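Order as written gives the chain letters A, B, C, D and E; numbering starts at 1 within each chain.
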Amino acid sequence: MYPVSELIRNLADQHGRNRHNLLPILQGVVEQEKYLSEYSMIEIARELDLPASEVYGTATFYSFLEYKKMGKYIIRVCKTITCSMKGKNQVVKAIEDMLKISVGETTPDGNFSLLQTNCLGLCHKAPAMLINFDVYTDLTPEKVREILTNYINKKGKGE
Amino acid sequence: MITTDEVCNVQTMTEEEKYNLLKTVILDYERKESNLIQILHMAQAIFGFLPVEVQHFIANQMELSVSKINSVLTFYSFFSTQPKGKYTVSICLGTACYVRGGKEVLNKLRSVLGIDVGATTDDKVFSLSIMRCIGACGLAPAMTINKKVYKQVNPNKIPLILGMLK
Amino acid sequence: MAKKIKITINELTVEVEPGTSILEAARETGVIIPTLCYHKDLCVAGNCRVCVVEIVGQKRLSAACATPCDEGMDILTNSFKVRNSRKHIIELLLSEHNADCTRCYKNGNCELQKLASDYKIMTQDFIRLVPLKNYTIDQFSPSIIKDDSKCIRCQRCVRTCEELQGVNALTVAYKGDRMKIATFFEKPMNDVICTNCGQCINHCPTGALVEKNYIEEVWDAIADKNCHVIVQTAPAVRVGLGEELGYEYGSRVTGKMVAALKRLGFDAVMDTDFTADLTILEEGTELLTRLKRALVNHDPDVKLPMATSCSPGWIKYIEHMYPEYLDHLSTCKSPQQMFGALAKTYYARARNLDPEKIVSVSIMPCTAKKFESNRPEMHDSGYRDVDYVLTTRELAIMIKQAGIDFMKLGDMPFDRLMGESTGAGVIFGATGGVMEAALRTAYELVTGRNVPFENLNIMPVRGMEGVKEASIRIENPLEQWAFLDGVELKCAVAHGLINAKKVMDSILSGKSQYHFIEFMACPGGCLGGGGQPIPTSPEIRRKRAEAIYAEDLGMPLRKSHQNPEIVKIYADFLEKPMSEKSHHLLHTKYSPRERF
Amino acid sequence: MINLTINNKVLQVEEGTTIFEAAKQNNILIPHFCYMENVHQIGSCRICVVEVEGGKTLMASCVTPATEGMIVHTNSERVRQVRKVIFELMLSDHPKECLSCWRNQNCELQELGNLIQLHEFRYEGAKSKDIIDSSSPSIIRDSSKCILCRRCVTVCNEIQGVGLMNPHHRGFSTFIGPSEDELLGESVCTNCGQCVLVCPVGALKEKDSTATVWEALYDKTKTVVVQTAPAVRAALGEIFLYEPGTLVTGKMAAALHQLGFNYVFDTNFAADLTIMEEGSEFLERVRNAFTSTDKKAVLPMITSCSPGWIKFMEHRFPDQLAHLSSCKSPHMMLGALTKSYFAEKMNIDPAKLFVVSVMPCTAKKFEITRPEMFKDGLADVDAVITTRELGRMIKDAGIDFRNLPDGKFDSPLGLSTGAADIFGTTGGVMEAALRTVYELVTGREMPGKKLHIQPLTGLNRIKTAALKIENPLPEFAFLNGVTVKVAVTSGLRGAAELLDEIKSGTSPYHFIEIMGCPGGCISGGGQPRPVNDEIRTQRLEAIYREDEGKMVRKSHENEDIMLLYRDFLGVPLGHKSHELLHTVYTQRSKN
Amino acid sequence: MSSNYQLKRVDFIFKDEKDWKEILKNNINRPPQELINELISSELKGRGGAGFPTGLKWKLTAEVDDMTKYVICNADEGEPGTFKDREILSKVPFKVLTSMAVCGHVIGSKEGYIYLRGEYFFLQPELNKAICEFEQYCQEINFDFRIRIFMGSGAYICGEETALFESMEGKRGEPRNKPPFPSNFGYMGKPTVINNVETLAHTYTIFEFGAKRFYDLGVQYSRGSKLFSVSGDTPKPGIYELELGMSLEDFVDEFGDGDTKAVQVGGASGFLVPRKRFGETTIGFQGKLTGISLPTGGSMMLFNSSRSMYNVLDNYLEFFREESCGQCTPCRVGCQQLLNGIKAVKRGEKNALYLDKLLRLTETMQYTAKCGLGQSVANSFSSIVENFREEMIY
C-alpha cells in the first residue's frame, strides 16, 4: 500500500493530469482508501492544479465517492423498488443486528460500513447488495449472516 | 331622566316595550355620542345584555354606525353581548387565589358546566367568568355566584355548590 | 456578417443576429422575461427555469436564456402554460427559501422578492422545506455572511467566483435535494481561499450572501460621547452611493455624501483620496527606487515588475496563489490603512486628541477592506488603525435610518487636514486609475514635464478591457534621473482576479516583461467593488467609471504631488517619501498563505 | 413662530406644528405608521418616537407639538433601540410571509424592516387574529396582517363618515374591522376602498380579479373588450416609476393591446354619453320645476357616477333616492353599449363578449354585481380591475412599459372629448355637464377661463358655484335670469353634509356632484399608493392637462356620440337610452 | 386478445451465429453512407429510453466536419428495474465493441468509450479482457480504433447523455443546456455519437442479417425486437428478447403470476399501467399504436394486488429526490415537494385535493425541467396517482 500522496502521484502519472482525468483518480484513491479524506482531496487538487473546492464539489456528487471515513468493507444494500419489495428491510435489519451498527455507520473496529444505495441493476435477483465490488443476490437474513460470517472469519485469518 | 333603578321591572315587559323604553332613554340623552356609554348601560339594564339587534337599534337611533357601537362596548368588560345566565359564577384568579388553586377550581367549573369563560349554559342558568382579585385574599380561593361569596372553594365542592342552586 | 434570422415574439416579428438567445431577443423588443440565474457578467446556466417560454409547436417549454433563436421560431412569453409553469417554479423556490423578509438584510433589494411581488404569489400551499433542513449560518468571516437557508441555488456566486475571480472558493456540492453551495469541505469562508472580494455578494439575487455589517457598532461609537469618531470615504463610494438613494447609475454625490456623514454625527469627515495621493508619492518613489537599483546598481535581488498593493482582495489572492511572488508587491499599505495609521498619529497630534479615544471608520466600496482592517499587521499607530469598515450599501442604510432626505441635502466640503485631494486620488476608484495617477506624478518627477497625454488623460489604461498595457518612453529626464533616459516604462493593468491570474501566469511563463502592474480584485476596479450597490453589470460599471473620470476632470488639482495637504504632511510629519516614519506607518509586509 | 432644534439643527416652525411635521418640513424623515396627513393623529403605533431633551420618556413625534426651545433627537441611541423593539413587537404578531403577500415590495412594514435591520428575533408571540373576510366583492380583510395602526379607522370615520372600520375589544385581542358578527359584504361598507389605499400592510386589499381576466384572455372563444376610466391614465405610470401626474394614455392603450385584449375602448366615450343623458335629464327636471305645477320634479339632482357614493346614499338616505340622476355610471353604460350596439355592429354574440373595466375604484367591483346591471342574464361588465391590478398584469406579462410606443383606443367606443377626461377629478362631472347644458340652453359657449369653472376645481371639500343664465334660446325662455346653483363635493363626509341640508329642506342647489373618494376618482380606492394631497394635485393637474390638450372639449361635439344617437339610440332619454343607460336604486338598511 | 401481435420471443442478441471478426471486417469496408442508409431503413430507435432514430444520429454526426469525434457506449444503466445492459456486456461484449468500431468507421472517429456505471465495477475485468482481444484484432486488420472503459461513480443522472459527458470530463454530472446537441458538441465539445448498449447490440444484428430482418419484426413506428428486464412479482424474472408491439395483456399472461394488479413499464421514469388497461396498452415507441404506447428502456415491473402503490410511489420519489442532480429548480424542489406532499396526504396533514395540486406540479416539471429526469418524474407520479388515488389517501 502506498501512502496517499504517492498513490495520487502514481494515479496522475497513469491517467494524466487533465481535468477529465479527475474521476479515475478519485476512484483510484477510493479503491485503496475507501474514502476521500480532506488531505487526499487537497493532494489531488494540487497534483491536477485544480481548485480544491471543485474536487470537493465533484466528489460529493457521486454516491460511490465517499468523503467520510469508511470501513474496510463497504456493504451497500440496494433499496430501490424491487429489492425493497422483496425484503430489503429484513436484510438490513439482519446486518444491523449482526454488526451492531445502523445504516450510515461504521463498526468501531473499522471493518464494516453499512450503506443503502439506489438500484444496482440486479432487480431480477432481488434483494441484492454489494460488499465492496462483490455482488450478492437473492438475499435472505440467513444468507446475509452466512456471508458476513465469512467476511469476519476472513478478517480473523488475517487476510 | 330615567335611571337604572327605574328599569328594574323589565322582567315583565314585552320586547316592544323594552325597545320603546330604550328609545326614550336615548332621547333623554339627546342622542349625543358623548352619552353613549350611559345609554349602553341602560340598554344592558333593560335587556340584560346587548345583542346585535339592540346594537343596531341604538345605532339607528343615534345615527352612528353599528361598528362604532360595537367598538365601544367590546372595550369594556362590563358590557356583554351574550345573555347572562341566572347565576354568574366568577372565580377569582388574583395572585392569592391563583396560588391556592383557583386555576383548578376554574377547570372544574369548566368541565362541570361544560362552558368556557364568558359563555352561558344552554339552559341559561349559569354564566362563567373570571375576576382579578376581589379583595378576599384571606378566603382564597374565592368564588362568587351573583353577589354571594364562597370562600376556600376546592374542585370537589363545586358540584355540591352548583347543585344547591339548580 | 451572417444573415439575420426572423423570429416572432408575442406575435411581433423581429430580426436578430444568429446566435442571439431568446432572452436577449426579447429584451431588445421590449418584452421582459423574468430571470434569476441569468446575469450579464456570467455565463449562461439555465438552471432556475423562471425564464421559460413557449415555442409554438413544442410541448416542452424552453429556458429563454439558454435557447438560441432559430429561423421562424414563434415564441410566446406569456401564454397560459408559461404563466402557470412560471408561477409554479416561483412557488417552488419560495418553498425552499427562508422567507423572513422583514428581517433580511437584502429586504427591498432582493430579486426573489421582486419576482414574488411581480407574480403576486399569494398561496403557500407547498410544504415549507426550510424547517426540514438543518441550515447553519456561516458568519466567521469578517467580510461575508453566508446563509444557506436563503439560497436558491442559482449558482451565480459559484460562477462569479470561478469566471470573474478565478478564486473558486465556492462550489456546488452534493446532488439532489442535498445539493448546496459550499466551500471546500464546507469549511467557514474564513478558512478557505476566499479573498473577501465580495463579488459573490454583488451577484447573489437573494440574501444568501451578504456582507457582515458593522452598522450597530458605528452607531454605538457615534453615540458614545467619549469617542471622537472620524470617517474616511473611498473614491468609488461617491459614484455608487447615489444609486442606493434614488439616483441614476453613476451619479456623483460627493457633496451630499459629506453632508450626510456630518448629519449622521461623525466628528470629522475626511477623504481616503488624500491618502490615495499619499500612496502615489510613496509607491511612485518605491518604483523609482526599484528601477534605480535594477538599472544603475544591477542589483539581482530587486523585484520587478512591481505590483500595486491597494486592493486587499488582490493581496489575499496573491498570498494564496503566488506566495513566492510576494516580494513583487509594493510595500505600501492601501490608502485606507495609511489613513487609519495617520488618523491615530498625525491627526490625533494636530487636533490634540487621545488616539485611544479616536474611532476610525472607513466607507469603502469593498468587503475585503473589512478583512484588511482586521489583519494583525494593521496596528502601526499603536492601536487598531481602522476600527470599522462600512460598505457603500451600509452607509446608505445608515443614512436612511437617520431619516436624512438625501436628495434634498446641500453639498458640503470635506474637513481639512486629511480631506484635500486631487483628481489623481479620485481615479483610484477605477481600473487603471492608480496606474494613471502614478504615471502623472512619476513622469513629472522624473522629467519635470506633464505626461505626454492630452488633458493628462492616459487613455490606454482606461476602459473595461480585462488586461490593458501601456508604455511610456522617458526622454530628457532631470539630471538625477538620467539613468532612465530612453527607458521604455512598461505597464500593465488588470482588474478582476481572473485577469490578474492571466497576467501572473504570463509573467510566470516569462512571456511578459513589465515594470509596473496595477491589480484590482474587482471587475472595473473599486467602482465595481463587492461593497457597491446592487445590481451590477458592465453597463453600470461603465457609467460609474465615466462619473469618476468626470470628477477627476472637474478637480482644480489633478496630480498627487500638487496636493497642498500632502506637501504639508511631508513638511510637518513624514519628512519625505520612504522615510523612516513613513516606513513605520505607511508600509507593511505580507504573509504567504496556503493555496489549498 | 417657534424655534426648536432637531438633530442639532435649529429650525423655525409655525406654532402648533408637531415635531413630526417640523422635521418633515426640514427634510428629516421619521418612520411612521399611524400618522396621516391632514387628519387628527392618534399616536398609536409609537414607531415615530423621538427623544426630547429633558423628557423622561420618549415622545410620539406625530402628536407632540413643537414648543419653544425644544431640543429633539430623532435618531439617538435610545430612539434607535426603542424603535427596534417596537418593530420587533409588531412583527411578533404578524405572519411574516412577505414573499407570498400581495403587498410584497409595496409594504410599509417591510420597508421599515429594511431600515431597521433586525438580526435576531427575540419575540415570537402568539398570533392574535386570523380572520379573513372575503365576503365583499371589492375588499378583502386579512386581520392576521393588521398592525392596528388604525389608519383605516380614521379614513372610514373621519373622511368618509361611514364608520364601519373600528377597533373592537381591547388589549391583545383588539382587532380592527366591522363588529364581530358583521361581514364586510353584508355591511354598510360603500366599497370605496379608501381603507385599502391607506393600509400600510396587506391587511386590507382589493379582491383580485386578474385571474378571471387572464382566463378570459386565454379563452380563444371569447372576444375580450377592455375600457379604461379617465383617472387611470393619470396614475398608472406611478406603478412604473413615473413621476406622479404623468399621463400615460398612449402607453396604457398599447399595453392593453399587448396583453391580448381584442378591443381597447375608453370609458371616456361613455362619460361624454353620460353628459348627454344626465344633462338632458337635468334640463328636464328644471323644466318641470319651473314650468309645471306638479311637484314631481325633484331638485337638486345629484350625479350618480360614483358607486361608492350610491351605496352610501342607499344606506344613509334611503328616502332621498329620487334626487339621484337615473343615469348609470359611465363604465356600465359602455358595458351595456358594448353588448348591444357594438355586438350588433360587429355581429358578435353578446354571450361571447367579455367586458373588462380598468377602474381607479374598488366600488365598481361591487357595482357590476348589482342585479340591475344585468340584461337577459348577461352582465353589462364582466370584470373590474383596479389601476393597481392592471399594473400587476402588465408586469406579469413582462411588458417593458416605459419603452412602449404609444397606442390608440379602438373605435367605435374609443373617441372622447376633454369634457370626459375631467370626469376623473372632483368637480369634473359638473364642469363637463355645465359646458354642455349652458350651450344647449343659450347656444353660446360657457363663460370661464379656458372653459373651466374655477371655484369648482381643487381639493376643497365642498365647492359651490352659481351661474346666471341670460338670453337663453327660445325653448328655454323660462330660464332667463335664473341663477343656477351647483355644489361639488368629494369624500362621503361632505356628501352627508349636503344631504342633511336637502333632508332639512334648506339646500339652495339645483345640481350637485358627489364623488365617493376625496379628490374624486384620481385618488380612488384602486389607485396606486401612496396617495397624499401633493400627489392628488399632481394627478388632478394631469387630468386638466389632458382636457386642455384636446381639440374637442364639449361632450355634445363628440362625433361618435352623435353617430351613436343617429344610428342606435335615437335621442337622449329616448326609449333605448332608458333601457340601456338608466337604472334604479334600492333602499338599504341604515346599519 | 385485443392485439394482433402475439407475444413473440426472439433470439438475436444472445445468439452468436457468425464470428464478430467477420462482421467487423465486412462492415468497415463498406462505404459509410451505405451503412447509414441500412440503419435508417431498419428504423432502429435508441433503446435507452428516449427512442431517437439511431441511423439519423449517426448521420448527423457523420455530417459534421471535425477531425476528432467520439463514439460512446452508454452503459450507465441506472433505471430501477433495468439490467439488460449488464447482461449484454457480460455475455456478448464483442457485439457491442464491433458496433462501436463500425460507428467509428461511419462517422470518422478513432476513439470509443464505454461509460460503465460504478455499480457494475465487477464487469470491468472481463470487459477489459474483451477489449484487449478486440483491439488486437483491429491492429491485425489495420483498423485504427481504440476503446476505453470509463467508470462512473454512482449517479443515475449520468445516464443522461450530456451529464455523462460532463462526468467524463471530470466534473459533476450535471446535464447541459440543449441545444447544442451531442452530434455537434458532445464529449470534450466534439461531435459525439452516444448509444445505449442494447442499441449497439441491435446494430450488430442489423449489420449481421441486414435491415430487412430487423424491420420485419414489430409494428409501425416500433420496429424490431427489444430486451425486456422482467422483475417484481413474477415467477420468472430475467431478461427476455421480445418483438415490439405486443399487448400488455399478452405479456402479463406470460409473465404474471395471475394476480398482477399493475405493471410499471419503463422503470421509475416510465408509466404505471393498471390491470384494467392491460388490454389497450401496446408496448412500443410513441406513434399511432392503439391505446397508450410507452417509451421504454425495457423495464417491466409487475406488482401483485398485495403491493401498496403508495409505497411504490414513495420509493420512486425518494429515488428521484436523491438522484436529481439538483441544479434546476423544478426537478430539485419539485421532487422534494412531491415526496413530502404524498407523505403529508398519507398522514392526513393535507387533504386529498392536494394531490391535484401535485399533479399540476408534475405537469410544470414536465414542461420546464432541464433534462429528461425532471421531465419524466411526471410519468410515474401521474399514472400512479390517477389510477390508485384511493391508496394515496389517509
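As a working rule, a contact is a pair of C-beta atoms (placed from the backbone, for glycine too) under 8 Å apart; a residue touches a chain by one contact, two chains touch by 3 or more.
Remember, predicted model here, so these are calculated numbers, not experimental data.
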| item | value |
| --- | --- |
| Third chains touching both subunit E and subunit B | none |
| Smallest count of steps, each to a touching chain, taking subunit A to subunit C | 1 |
| Innermost chain by mean C-alpha position | C |
| Maximum centroid distance from subunit D, chain identifier (CA atoms) | A |
| Chain located farthest away, centre of subunit E as origin (C-alpha) | B |
| Subunit A-subunit B separation of Cα centroids, rounded to whole Å | 75 |
| Where subunit A and subunit D are represented by their mean Cα positions, the distance between them in whole Å | 70 |
| Rounded Å distance, subunit C centre to subunit E centre (Cα mean) | 49 |
| Centre-of-Cα separation between subunit E and subunit A, whole angstrom | 26 |
| Set of subunit D residues in contact with two or more other chains | none |
| Overlap residues in subunit B, where contacts from two or more other chains coincide | none |
| Contacts with 2+ other chains: residues of subunit A | 57, 61 |
| All pairs of touching chains, each written as two labels joined by a dash | A-C, A-E, B-D, C-D, C-E |
| Contact footprint of subunit E on subunit A as seen in their complex | 18-24, 26-27, 57-58, 61-65, 79-82, 84-85, 117-126, 130, 133-135 |
| Residues of subunit C touching subunit A in the complex | 162, 167-175, 182-185, 192-193, 595-596 |
| Contacting residues of subunit D [partner subunit C, same complex] | 7, 23, 27-31, 74-77, 80, 91, 94, 96-102, 104-106, 109-119, 121, 208, 210, 214, 218, 258, 392, 395-400, 403-404 |
| Residues of subunit B touching subunit D in the complex | 52, 55-56, 59-60, 64-71, 74-75, 81 |
| Residue numbers on subunit E that touch subunit C, as the complex places them | 155, 157, 172-174, 177, 179, 321-330, 332-337, 340-341, 344, 354, 357, 360-361, 363-364, 366-370, 375 |
